[in-house]
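The next part holds the structures, each set out as structure tokens.
Both of the next two complexes hold chain A, though its partner changes from chain B to chain C.
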Partner chain A sequence: MANWSKLQTRSFLESSARDRAIGLVDEGTFTELAGPFDRMSSPHLVALGEAVEFDDGVVTGVGRIGKRPVFVISQEGRFIGGAVGEVGGAKMVTTIDLAIGFADELRAANPKIAPDELPLVAISFETGGVRLHESNAGLLAHAEVMDAFQRARGKVPVVALIGSRIGCFGGMGFVAAATDVIVMSEFGRLGLTGPEVIEEEMGKDEFDASNRALVYRTTGGRHKYIMGDCNFLVDDRIAAFRGQVTELCKLPVGDFEQFRRIGSAALVEKQMRAVALAAEMQPKDAYDVWRRAGNNDPAGLGDAPVDDFRKQAQRLSV
Partner chain B sequence: MDTLIGQGLVALEMIVDPGSFARDRVGAKEFTDESYGPGAVVGTATLDGQTVTVIASDAEAFNEKFPVVYAGIIGMEEGYKMASAVYATLAADRDAPASAKRPIVLIVDTPGNGPGKVEEIFGMNKATGAYQLALAEARAAGHPIVAAVIGRAISGAFLCHGLQADRIVALDAKFGTMIHVMPLTSVSRIIKKNIEVLEELSKSNPVFAAGPQFFHKLGGVEEVVPEIADLRSVVIRQVAALRVAKAKGEATGPVGRAVLGAARGGRVTRPQVAAKMAAEFAAVADKYRPQSA
Partner chain C sequence: MALNTLEFECKAEAASVRLAAPVHYGVVGSGDLEVILEPRDLEGAVTVKITTPVAGFDAVWRKVLETFVNRAKLADVAIDINDNNASPAVVSMRLQQAFAETAA
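What follows is the complex of A and B.
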């Protein structure tokens, strides 16, 4: 097991799901639930004669940041691209349910409990969505996670962390959009349709999936920050993600509504104004929208060190 | 009639009371811009005399502004329009007791979400997410939500428009009903497994294959409707059953379908995982309670 202090300086992008989970919470506080020793692996992969992982590619557990119990879900992209099946989906849903149940229990025991003593859920996404080897079960699991988020509203804040290799796409792309807060690094990518699928749909002239710069400026952390889809853009270190979650841990659950991009009639109205802008602009490139947001030199901004980017970037308002 | 694929509006008229559908009006909200999300059909009808909100896809419509959106695809405008219809439904019955909240009927025939570059730049994921959250909120508020799959219920579009309902009914496979993430032939290609092997495995395990009967076994569809002529009566019966189930606090929606999936033997590992995690957390929960006494 990696040394906790050493984990802090480690690249979030390069880190395994378990290291991200352990490093996110205070030293020595992480308890894994349904960990590898429980051997909760996918029976469907067994049926196909495929290799399994004893955690089914998702690390779930509970730790603490300060006084706050933090329930953690961390997806492992190195196992079938972090795709979600029956077991992994059940682990995600159950973690959120345990957090909601614990919040209810703590509030019932002490109605005056301090806000920073109540649970928070943090999800480190690294996934392309449904695991095709068990696609039907994976699809149904996505719906359960979405429903669990809505049940958590007003009870337990849900924070998305996106900064891993695979990004966060497919069904998990809209699951992540439905969380309260999204924290990304510039290497994080968030979307619905992956680059290869868009290329297939629209042709290589319209969208070249092998063009990494194009892919990053369409779905990457910097773009999502300008669009307001990611709330906080942090450095690519475990400590940086941990630092942002630690700040969020100080807030009562009611304060998390301000970070949301969807989830109410008013927010839908706001997104409709953004879509009207999309219809009017018909952007050929994400940089067109950066310029519209008030960034006169999008290419320069895109290449600037991330610290300068954070200071200079104008975010789109609609 | 062999199929209702591409005929969401025909299905809509068959299900609700004849001539009762008033398009583009939900509670106090009027959808006045005809060019806005034209593939998303929203409105109010009566169903066996009860006022209901209806949300469907029009496969004939083409979105001039977003050319990847046609044939029943749910694009950004369509997703937000559908979400607005749900919020308008919530607003219309804000002061009604849970038992009197109007039902929402989803008529499902959609092949996907908008897959374009503009969609990714502006965030298609938010539009489909917004609609799902709205449905989950309405379901929790007491509105009975029934989804009727009459044609295509494909992957993310089914998650968007269908899988947040309290109950899902689907026309029998003989009418061409398609429910899947991907056809088995594509799955076979991507996961590099022989199609014959997958077809053989599908006989005993419903997680691989496409079709309403497999989703039924997994609890992902509550009821398979044997004939097109039965659609209306089945939806009416499900709404009535939901009034009772919701009053009793029974699990419906995604949680209810998880219970059903275990009971039907299609998803039996899920409850084992949940039980294990609950037991393990109970054993350590004291460590995570407030320590100051």
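What follows is the complex of A and C.
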């Protein structure tokens, strides 16, 4: 097993799903549930003659941060691009339900329990969305995870962590948006339709997926931070993501409503204002929106060290 | 085009190394594999189960696994592999890495 202290200094971007899960919680507290030794592989992939993985590409388990039980879900991008199928989706849903059930139990046993002793769910996304091999089962898995978020709302905070190689795209982009709070690194990417798919559908003139700078300033953590799509922008280290989750662990579940992007009439209004702004502006580049948000030198801001970016960046308000 | 399962047993010439605990290593990325090594009472033998989309390389698999088991002097271990088109060199390396994890 990976050395916990060494994991802390490791790049989040380059870490495997399991290392991210272990490093996110306190040293030695992570217990994997439905792990590789349980051999819960996808039956659909077997039928198709496609390679399978013992954990179906999702690491699930529970650990602690301080007194708080933290239920962790961590997706592995190297296995079929982190695409979510039936088994992996069921593991996600079950983990969230375990957290909800545990929260209920703890509250019933001690109505005066401190907020930082109640469970929290952290999901490290690295996925292109639905595993197409599993079609409807994969789609259903997405819906079930969103449904679990609804059950968790007001009971157990759900935190999204995005800073891995594949990013978070497709249906899982929707799922991430439905969490309570999103933490990204500048290397994290979040969106619905991935760059390659946009290029394939709309042509290279619309979006050049081979232009890394364009891809990152459109889908990357810095842009999402300015747009308000992510709440916190952290350094690319496991310790930095862990540090932000540790801060969030101090908050009672009610405080997480302030971070949400969807889920109330007021937030829908806000989203509609953003859509109206896009229609009015017709931006040709993400930097147009950065400028509109009050950043006079978007290119300079985009190239600045992430620490300076955090200090200087003006975030869009609609 | 089904997923192929290859199962066989081998015995190291100087079988003497037993595992204290099971270990899992690797990710089934493209051209990569994962391996589980588990201690099991097999009267000194080593069982191997490989699940792979690749067909027609049974002899190569056997050779690579036998070489590993002999070098590591493994006894009473069940090896379980999920493969996704890994080359023999990668298979060899991952097996050694998994084995190194058991000592860590």
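Brief remarks on what is shown
Rule of thumb we're sticking to: the second predicted complex is superposed on the first by the 318 of 318 C-alpha atoms of A that agree within 3 Å, B and C clash if a C-alpha of one lies under 4 Å from a C-alpha of the other, contacts with A are read in each partner's own complex, and residues count from 1 in each chain.
Throughout what follows, contacts are C-beta pairs under 8 Å (C-beta built on N, C-alpha and C of every residue); 3 or more make two chains touch, one makes a residue touch a chain.
All figures in this text were calculated on a predicted structure; none of them were measured in a lab.
By the touch criterion stated above, A:Val52 is placed in contact with chain C alone, chain B being left untouched.
In the superposition on chain A, contact of A:Gln150 is made with chain B only, not with chain C. In the superposition on chain A, A:Pro305 contacts neither chain B nor chain C.
Of the two partner chains placed by superposition, only chain B is touched by A:Gly170; chain C is not.
In the superposition on chain A, A:Phe79 makes contact with chain C only, while chain B stays out of contact range. When both complexes are overlaid on chain A, the residue A:Ile262 reaches chain B alone and has no touch with chain C. Of the two partner chains placed by the overlay, only chain C lies in contact with A:Ser16; chain B stays clear of it.
Of the two partner chains placed by superposition, only chain B is touched by A:Gly138; chain C is not. By the touch criterion defined above, A:Val197 lies against chain B but remains apart from chain C after alignment on the C-alpha atoms of chain A.
Of the two partners chain B and chain C, it is B that touches the larger number of chain A residues. Chain A uses residues 47-48, 50 to touch chain B in one structure and chain C in the other.
Chain contact summary for the complex, chain C toward chain A: residues 1-3, 22, 24, 27-30, 32, 34, 36, 38, 51-53, 80, 82-85, 101, 104. Remark: chain A residues 29, 31, 33-34, 38, 40, 42-44, 47-48, 50, 60, 62, 64, 67, 69, 86-87, 89-91, 93-95, 97-98, 102, 106, 110, 113-114, 117, 119, 129-130, 132-144, 146-147, 149-151, 153, 170-171, 173-178, 190-193, 197-198, 201-202, 206-207, 218-219, 223-224, 227, 229, 261-265, 267-269, 271-272, 274-275, 277-279, 282-283, 285-286, 289 touch chain B in the complex.
Of all residues in chain A, those touching chain C in their complex are 1, 16-17, 35-37, 39, 41, 45-54, 76, 78-79.
Only residues 65-66, 68, 76-77, 80, 83-84, 87-88, 90-91, 113, 115-130, 132-134, 136-137, 140, 155-156, 158-160, 163-164, 180-182, 187, 190-191, 193, 197, 201, 205-209, 214-215, 218-220, 253-255, 257-258, 261, 267, 269-274, 276-278, 280-281, 284-285, 287-291 of chain B touch chain A when the two sit together in their complex.
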